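One structure is given below, encoded as C-alpha cells.
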Amino acid sequence: MSTKRYTSHDPELNSLYTQLAEHDLQPLWEMQGLLTKTPTVQTVPHRWSSTDLRRLAARSGDLVPIDRGGDRRVLALSNPGLAGAPYISSTLWAAVQFLLPGEMAPAHRHTPAALRFILDGDGVYTVLDGDPVTMARGDLVLTPAWSFHEHHNPGKKSMVWLDVLDLPIVAGLDAVFFEEGTSEKADQSAAERSTSERLYGQGSGLVPVGVDGPQPAHSPLTVYRWASTDQALTRMLEQSGTGQAHLRFRDPTRDRDVMPTLRCEMRRLRAGAKSGRERQTGSRVCAVLSGTGQADIDDRTFPLAAGDIFVVPSWSVHRLHADEDLDVFITSDAPVLEKLSLYRSEALDA
Amino acid sequence: MSTKRYTSHDPELNSLYTQLAEHDLQPLWEMQGLLTKTPTVQTVPHRWSSTDLRRLAARSGDLVPIDRGGDRRVLALSNPGLAGAPYISSTLWAAVQFLLPGEMAPAHRHTPAALRFILDGDGVYTVLDGDPVTMARGDLVLTPAWSFHEHHNPGKKSMVWLDVLDLPIVAGLDAVFFEEGTSEKADQSAAERSTSERLYGQGSGLVPVGVDGPQPAHSPLTVYRWASTDQALTRMLEQSGTGQAHLRFRDPTRDRDVMPTLRCEMRRLRAGAKSGRERQTGSRVCAVLSGTGQADIDDRTFPLAAGDIFVVPSWSVHRLHADEDLDVFITSDAPVLEKLSLYRSEALDA
Amino acid sequence: MSTKRYTSHDPELNSLYTQLAEHDLQPLWEMQGLLTKTPTVQTVPHRWSSTDLRRLAARSGDLVPIDRGGDRRVLALSNPGLAGAPYISSTLWAAVQFLLPGEMAPAHRHTPAALRFILDGDGVYTVLDGDPVTMARGDLVLTPAWSFHEHHNPGKKSMVWLDVLDLPIVAGLDAVFFEEGTSEKADQSAAERSTSERLYGQGSGLVPVGVDGPQPAHSPLTVYRWASTDQALTRMLEQSGTGQAHLRFRDPTRDRDVMPTLRCEMRRLRAGAKSGRERQTGSRVCAVLSGTGQADIDDRTFPLAAGDIFVVPSWSVHRLHADEDLDVFITSDAPVLEKLSLYRSEALDA
Amino acid sequence: MSTKRYTSHDPELNSLYTQLAEHDLQPLWEMQGLLTKTPTVQTVPHRWSSTDLRRLAARSGDLVPIDRGGDRRVLALSNPGLAGAPYISSTLWAAVQFLLPGEMAPAHRHTPAALRFILDGDGVYTVLDGDPVTMARGDLVLTPAWSFHEHHNPGKKSMVWLDVLDLPIVAGLDAVFFEEGTSEKADQSAAERSTSERLYGQGSGLVPVGVDGPQPAHSPLTVYRWASTDQALTRMLEQSGTGQAHLRFRDPTRDRDVMPTLRCEMRRLRAGAKSGRERQTGSRVCAVLSGTGQADIDDRTFPLAAGDIFVVPSWSVHRLHADEDLDVFITSDAPVLEKLSLYRSEALDA
C-alpha cells in the first residue's frame, strides 16, 4: 500500500477508505486545498544582499576547487518557503557562480535552459556550442536548452555572476537530460564579438541572408550587450517622459522571448520614480544592476542596492521605488504561463 | 534558518556551510541528482482494473452524498510512486467520477483544464458555459480551463466516467484559480446535439461564418462523439492495411490540440496486432474502451480489459498488444512538452 | 523609344517630355487615375444563365473533340468589362467544363490553383496526384497548385461542372508554370471514398497520426461532399434561427482556407430571407446550386435559378434574396487580399 | 457583344463561336499561351543611369512646381517591355522623386505601400502618421500602406531619392484606396531620431514594454539607418570570409518582412567578387548605393555605377560582379509570392 490512507469515524466509510488505499485510490471529498480561489504559493518574497553573496562566493573560491563533486562553483539561492529545496521559487533556480583566475568550468549541456546576467566585473568568456562569448557588467548571456557551454577565466581577476535556470519546471515535467562535452584546452581568449553578435546583433531588424542551419527553438542572438541595453533605456526615457523605461529582450528574428521558458526584461527608474503596483501568475527573479531603492512585495519591503537579488512569488503584488536611478534586470517564467494560457496579470493602480 | 544545511568533516567548509544556510544559500557541489543523463521519474507504471474501479465507485455512491466536503464524488487514481500524492503521474490527475440518478454536481470553474472520457453508460449531461452536452460511451467531452461546468443525471441509472486534469502542472506553476458558479435547477434534459456540435461538429473542414465572440484558447468543439471516432478509425484501418489505426482529436478550426495542455488520441489494434515500442517525454493516461490485450511498460506487463486505466511515465518504453480488437483512449501532457521545446520521442523498433 | 510620350504646349516642358520618353521615364504629374479614392474596377457585375451554359457546353461536345488544341473542353466565362480577356473578373477564371461518356481529360499540373464545384450530375472522377475522387452534385473538389490532375468519364452520361482558377493572379505575378503528366489508361473506376477522405474527411477534429509526407500548402482534404455540407447547413439553421446559414470550407488540420489563394463558402437562405448588403475588396464567383431568388449587385438585379453563375466585382455592394430556399456556392480571392493586408469589408445594413 | 469572338473555317464551329461570344463565353481550345511551361514575362531587364536620372529630375525641378496636377514631383521608371505602362515591372512601381529647398509634398495616404531609399544627399524629412523621420544617404524609409505621409525640405539643397511601390499589385487586385491628409505648416525641422527609432531602433532584440496601440501589419520600425546597415555588412563580411555579405531588413518584433508586400535587402560585394547565378519568381528593383561593377541579367549585361537603378524580371537568371566594392539595395515582391505559395528560386551554380 503506497498511497495515503484516509480515515473516518464512520466504520463503513473507514472500511471503504481502507479498500481505496489498497487499490491506490483516494477520495476527493476528503482532500483540502486542491482547488483554491487564488494560487496557494509556497515561495515567499525574499532578498539576498550583494554583500553576503559576494563574501560567501569568494569564501567558496578559497575552499572549494572547481572540480569538487561537480562542474561548477555555484551557490543556489534557496527560497525560505520551499522546505529546503535549492530553488529560488517553485519554478526557477537562481544562483551566483564564482570563477577564479585561470579556472575553467568544463563543457556540458542539459535540457534546462540557463541564462547569465553579469552584475559586476568582466574577464570570463563562455563558449556556446563552439562560439566564444565574452561576459561583462550588464550583459545578458543565454545558454539555451541543450547547448554545450563552458566558462573560462583567462584573466587575473575572479568573477561572479548570476545564473538563472528553469530547472524546477523541467524537472517537474520529468524531462531533464544531461550530457558532458569535451572542452579542449582552447586558446585562452575570445574575440570581442561572438559569431552570434556578428550575424544577429548589429542593428534592429537587420538579419543575415544565406546563413543556413536548423531553426533553433531560441534566439540566435545569445548575448545582449549592456551598451545597447543602456542606450535603448536612455532613448525610451527620452520618449516616455515618465521617468521610467521598460524593455524586453527578444529573439530579433521572431515574435518570441529569448528562450521558450524564460522572459528577460530590464527596468530603469529615475531617482524618485516608483512603478505601479502589479501582479502576475508565475514567479520572477530580479537583480539590481545599479542604484538604490526598495521593492514592496505583498506586505514586505526590501531595501535595494547594486548586486542585490530578490524574488517575487506568483500573484504577489509588487512595486519598485528608486531612491537613486535604479536599473533592475528581471527574468520570469512568463512564456510558460502564456503558452499554456495560464498567464494572468493585474495592474492595481490602473 | 529555513533552508537545508550541508555538513562537512572539513571544519572550514563546515563553517562555510553554516553561513550559507544562515543566508538561504546551498552549495551546488554537494547536491546529487539534479542533472541526470535521462529523466529521474518517480511516477511508476501502473494499471487500475475496471472491476475495482466500478465496485469502489459504486460503494462510494452508497456511502457518500454528492455534497460531502466537496462538489464531486470522485476517486483519484494515486500513483504508487508519488508518495501519497493524489495524482496518477507527476503531471496529470486522473479519477473516476460517479453520479447517482437524480444527482447534480454543481457549477464551478477552475484554471486546471479537464476532460471526460466515457467508458460505459449514458444519461448524464454536462453544462459547459451554458451549453448542455450529453455524455455516452466512447464520447470525449472537454472542460477547458476556466469554463463553468456542472453535471446532471436526470435518468434512472448511475453513471461513471474518467476525468483527467492537468492539475499537477497548474499547481506546480502556482496558477490555480477557482470559482463557484450558479446552477439553476435547470430543465432536466439536454438536446441531442449541443450548440458546439451544431456549429463545429458537422463535417471535417466546415466552419460557420459570422459566429462572433472572443477567440477561445481551446477547441470550440467541446465533444467528440463515438460514432464519428469509430467511423474514422474504421476508414483509417481500410486505408492503412496494417491492422492499426491511430487518430488525434484536434481543434477543428486551428492547428493545435484540443486544449493548451492536453493531447487526446485514440488507437485501434486489430486482434493479434502489436504496436512498435516507443517512448516520449511527458506522461500519459490510457483507458481501454473495448477489447483485451496487454500493455508492456518498461519491464512490467499489464493485462488489459475494457474499462481498465493505466499510466505510462515519462520516457518509459511502452507498447500495446491486442488479443481481441482493442480500442484505447490516450491523453497526455505532450502539448506542454512541445510548447516548451522539451518533447522528445523515440521509436525503438524503427 | 518604347514608353509613353507625354506632350505639352509649353515647349520646354514638351522637350523635357521627349527626353523622359527617350530614357524610359514618365512624369507622374501628367498621369490620371493612378490613385483613386476607391478602387477603379473594370470587372462588371454579370450573370450567365444555366440554360445557355448547358446548351452551349453540350453543343461544344458535339463539335469539339477533347484533344482539339488543348486538353480540356472548357468554355470560359468572359467578363464584359474586361475588354475580351477570358476572365470572369480581374483576378479569377471561371468556366464550365464538359466531358462526354468515355472521354478522358489527360493529366497535367500548373501553378494556378483550381477547384471544381458540381452543379448537377455525377459519374466523372478526377485523379489528384494518384488519388481518384468521384464527383457528384454539390461536391467541392480541389485541384491545388502543382497537383497532377486528370478527369475520367467512365459512365454513360455526359457531365458538366464549374471550374474556378486563380489564373489572372498567378499570371499577373509572372509565376505560371505548367507540366504535362502521364495518364495511364487507368482502371475505369474510382472507389467510393478517396484516400484523402478516409484520412481527413471523417469527423470534425479527427486527424490521423503517423501519416507522413511533406506539409502541403493546401488542405489535405481535397473533396467536401454535399451530404456533409447539406447537413452542416441544416444544423446551423437550427442554431441560428434567422433563416440563413453561412459556412466556410477550411483546411481541417490548420487555421486557413482550403488553398492559399481561394476561399470557398456556401450560403443557404430560407424562402423569403434576404442577406444584408455588404461589400469587400476582391472579387467573387457565385453559383446557384438550388432554389430561386435574385442577386442585387450595385444597381443591377439578376434573377437566379439553379445552375446560374454570377460574378461580384471588388467593392460592389451585393445582397441575395431567396424566393425558394436558395443554396449558393461562393468562391473568392479573399485569402490573397487578407495575406497582403488589403482586405476591407463593410456591412451596409449594420 | 463585349468579349472576343473566335472564328473557324468550319461553319458549324463558326456558328458556335458566334453564339459563345453573344453569351460572353470563350472556347479554351482556341486560346494560346495561357499555361506555359515557365512564366511568360513582359518585363524586360533594364537599367536607368544615375546621370540621366539626376539630370532629368533636376530639369523637372526647374520646370514643374510641386502642385502641378499632383502632389509629387516624380519620374516613373517605365519598363520598355510593358507597352507604355508607368511601371518598372509587372508588379512594381519605381520612381525618382525630387524636392527643391523649401518645398513640401503634402500629406496623403493610400493602400499601395511605398518605400524610399536614399541614394544621395540629405535634408528632407518625411512625416509618417505624425512622426518626423529625417532622410539621408543609405537610409531606408518605409511608408506602409494607409499611413499618412508628407515630405518637407527645410534646407538649402534639393534632394532626390528612389521611391518603390507595390502599386501594380494593389491595382491588379482592385484594392486601391486613397485619401488626402492635412499638412499643417509644421515646424520646419525634425528631431535626429524619430519616435519609431527611439522605441524600436536601438538594439537588436530590444523591444519596449508597455507601448500600447493596435498591432500594425508592418514593421513598427519605419527607418533603417545607413550607419547600422553599413556596420552590419562589415561584421557579416568579417564572419563570412567570402567577400560577400547579404542582409535582409525585417520587422524587428516579428517573423516577417518590413511590409506585407515588399522585401528589402542589401548586398555588399568586395572588389572582384561575383555572386552566384540565381533566379526567382517575382521581380526586383535594384539600386547601386556605391561602387562599380556589372549586372548580368539573362543574356544582357549592364555596367553599374553609384545611383544606377535596374530591374530583374521574374525568373530571369541574374548575377552581380564588383569592380570596386559594391553596395546594392534590392527590393522585391517576394513576400507576395511566398504568401501565395508561388515563390520558386534556383541557384544555378550550386
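List of remarks:
Labels A, B, C and D are assigned to the chains in the order they are written; within every chain, residues are numbered from 1.
The rule we apply is simple: contacts are C-beta pairs under 8 Å (C-beta built on N, C-alpha and C of every residue); 3 or more make two chains touch, one makes a residue touch a chain.
The structure displayed is predicted, hence computed values, not measured ones.
With centres defined by CA atoms alone, the chain at the far end from chain A is C. Taking each chain's centre as the average of its CA atoms, chain B and chain C sit 44 Å apart. One finds 31 Å separating the Cα centroids of chain A and chain B.
Averaging Cα coordinates per chain places chain B and chain D 53 Å apart. The multi-chain contact residues of chain B, meaning those touching 2 or more other chains, do not exist; every residue touches at most one other chain. Pairs of chains that satisfy the touch definition comprise A-B, A-D, B-C, C-D. The part of chain C that touches chain B in the complex is made up of residues 193, 195, 197-210, 219, 221, 224-225, 228-229, 231-232, 235-236, 238-239, 245-255, 258, 265.
In the complex of the two chains, the chain C residues touching chain D come out as 2-4, 10, 12-13, 16, 19-20, 23-31, 34-41, 43, 46, 48, 52-53, 56, 59-60, 63-64, 68-70, 72-81, 83-84, 86, 90-91, 95, 108, 110-112, 145, 167-179, 217-218, 260-261, 281-283, 313-315, 333, 336-337, 339-342, 344.
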